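Following: one structure in structure tokens, then a few remarks.
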Amino acid sequence: MLSISLPSAAPPLPPSSHHRASSDPDGDITMSASADDLDHLPTTLVTPGEPLTTSPQWMRGHGTYLTPPSTITSSVLGHITKTNKLLSVTPLHSRYTPEIGDLVIGRISEVQAKRWKVDIGSHQHAALLLSSINLPGGILRKRTSTDELQIRTFFSEGDLLVAEVQSLFQDGSASLHTRSLKYGKLRNGMLVVVPSAMVPRSKNHTVVLKGGAGAGEVEVVLGVNGFVWIAKKRVVEVKKPEGGVQGMVSITRLEEEASMALYSNENDEVDEATRKEIARVAGVVRVLAREGVRVEEEVLKIGYKIAVEMAEEGDEGLEGERGRRMVERVLGS
Amino acid sequence: MPLLSPPEYSYLRTSLLSEPPIRPDLRSLTAFRPLAAELTLLPTTHGSSRLFLPDGSECIVGIKPELSAHPSFEVSIEIAGLRDDDPMAVLLAGMVADTIRAQVHERLRTSGNWSSGAAEGMETAGGAQTRGRPWGWKLYIDVVVVSPPASHPGGLVSLAVHLALRDLRLPKLVSAPEEDPVFDDDYEACEWLFPREAGAGGIPAVREGGKGMNKADTPAVTVLVAAVGDNVLFDPTREEMVVADCVAAVSVTRDGSVGGLRMLETGSGGENGGVGRKVVNRIVKEVGVAAGGLFESLDQIVRTSI
Amino acid sequence: MPREELLSPEGLRLDGRRWNNLRTLKLSLRTHPTSSGSALLTSGHTSILCLIHGPSEPSLRSKQQHDRCTITVDLTYAPFSGTDRKRRNRTDKRISELRSVIQRTFSRAVMTHLHPRSEITITLLVLSQDGGVLAGCINAATLALIDAGVPMWGYVAAVTVGWVPGQGGEGEEEGTPVLDVNNAEEGELGVLTLATMGDKGRVILGMLESRVRLEAVEGLMAVAVDSAGKVKDMMDEEVRRHGEAIARAAGVGS
């Protein structure tokens, strides 16, 4: 019941490289590649302070700075990337940096007069303006002072939502919007947070999995910022103008009408079989990320299928060794 | 900023109220999260341990003994990012001390000469002035919680202290009882405070038990449990604690007797606030039942680290 | 302690090293993957862990600066870190001084203008100490910041150099610098802790504790700057090794 593993299974306190050094003048120093050899080294790893080039054909991008008079120098540990004439260094690790169009999941951290601050795991919290959300009455409705007073009826501190990065402020922080019905408050499930590098930008950030073991469908929303929402598959509700029965409408409708149901905190009924599969998918996401496998549609589908198979074979749970085996099988297929 | 949104909260609570409960990581009721542990890692100490969880919580314990007038021990807890006098750190230190007090005091009493017959005998033998100066061991048990805890560190800290105590060796006395104490310099000559195996080596237990480790042979442990409806969950995550009816720190010895129970404030309380008696009884029962397996796992790690 | 013990006529120090030998240096990055960045440094018996959080939204509104990132340093000595057990609280003068020095150093070395209104927290834990704690903290923090992907102008590399005075009097024998001092040496000698930034030996930190003769300072600085350069090379080697291992592993997952 209490599984304690030995140190060999653990990230080691004993470190990895040893040096017994003296200040001999002819000690080994590896020379970095000549600064103008860049065309021959497309995937060079560079470190902070390392000069990259003095050639005037390059403009300096992220991850670099200019050492006067004309040397572009790296400021991080990462790989050189060349886009047209722009020379940048992409760091191996960093916190999520928002880009316009990113689908992100965030948690409301603060409620201000006409906007919210949203924690998206980046260098700063993002902003969500009152004018950037769907309000009951339709997209063209004018924001009134009543809306401002009732701002917490829409989103309050702690609420979890999915949104798109609409624009960036000068300091690089994001401004979000939830103006499509596929965005908004999240319900009926649970959150898993993984390093943002493990969720690459792709065409499709919403993955639907058929629940094994008789469960319903499970929807996974992959936030580019590493926040992943796993829940019972959403259906979009729209209040019919003539009142009465609420209908289900495709979210591709251009005339989008919203109702206060969008901001409800009430979950739907989620049966136990589905809850179990939601937890299983969460485990798959966690383990994939932990083993350094990027989480995207195909990998997720295969991983979940294998996890269900393993459960049928009696291997419930993906902790420790079992998780590693799952990943091996995923990579093998 | 709250930890959970209202839908997350009610989703989790409903899942945990199911029969059997569906925990977010599909663990069973009594399963702990997998831990990695290391012993004897700090050369400046006489006993040490390091434990960490996959979520990044980590705890290092170092124990240093010092000569003192009479046996005692002191527990200090440092949590990265918190002030020294933060209520959490102070509460945790008190909790750990209470849990281990009985067993540690019993073992310490048999070391030193402060209660030994030699000292007293000398005193009554015609007022001789050459009786040995009374001395005992004072243990400094220092705990460092390295990462800001993603969960309440109580359970992790308690297990780490338990293992460090079982890793602890005290210098071996080489002088005569009436002399000032002198010890063997050789680390290998040091004696375990708690016996490694039943009846094996170490300072003998005050009560000679039968075969197998008796209650005094290992320090007690504190486990954290969360009660949600009729379910008692072991080693709850922070989210599970938030939605629980109550969270308790329960100290238990290897024979299953519950030594202490502290209700922590992290629970949300049921509909009427607080919990019924039945819940508390259930907690005590479940911890008692689980004790055997828990101590077996701890014995295993001690055994394999020799 | 007599001079001959600190440095024997054959040129051997207390632990058998020569004047210009660094202690065994062990470096590890990303020891704590759940932090933004982390590193563990061991130099002889001095062992220091550094964790980085951020850049992220500041914990206090007062810490937000409109044009740059705030660097916050937290430093703890584990009570079991020395031969004698000692509990130091955060208001300890020594700790406050070290925190301040480290904070100022990295406020210079980190490109703080790239992350305005954010905060980076550097958490340092001294697990065991045998001299050279400040230098160890600086080096550990550099590695952890690199691991976290925080943009810096270059490596900040630190060393300690002690001064063993010569025999006094006529026909005076000149003193000797000794590199990378341990606790015993730190207690007896004047010690310079020096850190350089980047490749060109630019001095970013200098702390001379205890008195040293004026004529000796130049020699000390020269040895220190040169040795800091060697330490930088060792750090860079480990950083590259670590980076290549990560890149290889990432190749597997895609």
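Letters A, B and C mark the chains in the order given here, with residues in each chain numbered from 1 onward.
Throughout what follows, contacts are C-beta pairs under 8 Å (C-beta built on N, C-alpha and C of every residue); 3 or more make two chains touch, one makes a residue touch a chain.
This structure is a prediction, so every number in the text was calculated from the model and none was measured.
Set side by side, the interfaces B-C and A-C show unequal numbers of C-beta pairs in contact, with more at A-C. At the far end from chain B, in terms of centres built from Cα atoms, lies A. Computed centre separation for the pair chain A/chain B is 39 angstrom, with centres defined by C-alpha atoms.
Measuring from the averaged C-alpha position of chain A to that of chain C gives a distance of 35 Å. Within chain B, no positions touching two or more other chains are listed.
Across the assembly, chain C contributes residues 32-33 that each touch 2 or more other chains.
Contacts with at least two other chains are made by residues 11, 13, 109, 119 of chain A. Chain A makes touch with chain C in their complex at residues 11-23, 27, 29-30, 43, 45, 47-49, 63, 65, 75-79, 91-95, 109, 119, 122-125, 171, 173, 195, 291-294, 331. Across the interface of their complex, chain A is touched by residues 18, 20-22, 24-28, 30-33, 36-37, 40-42, 54-57, 111, 115-118, 146-155, 179, 197-199, 223, 226-227, 230, 233-234, 236-244, 246-247, 249-250, 252-254 of chain C. Residue ranges on chain C touching chain B, taken from their complex, read 32-35, 45, 49, 51, 74, 76, 78-83, 85, 87, 89-90, 121, 123, 125, 127-128. Of all residues in chain B, those touching chain C in their complex are 42-45, 48, 55-56, 58, 60, 62-64, 66, 76, 78, 80-81, 83-84, 140, 142, 144, 146-147, 150. Only residues 1-8, 10-12, 14-15, 18, 22-28, 30-38, 41, 50, 52, 54, 234, 290, 293-294, 297-298, 300-301, 304-305 of chain B touch chain A when the two sit together in their complex.
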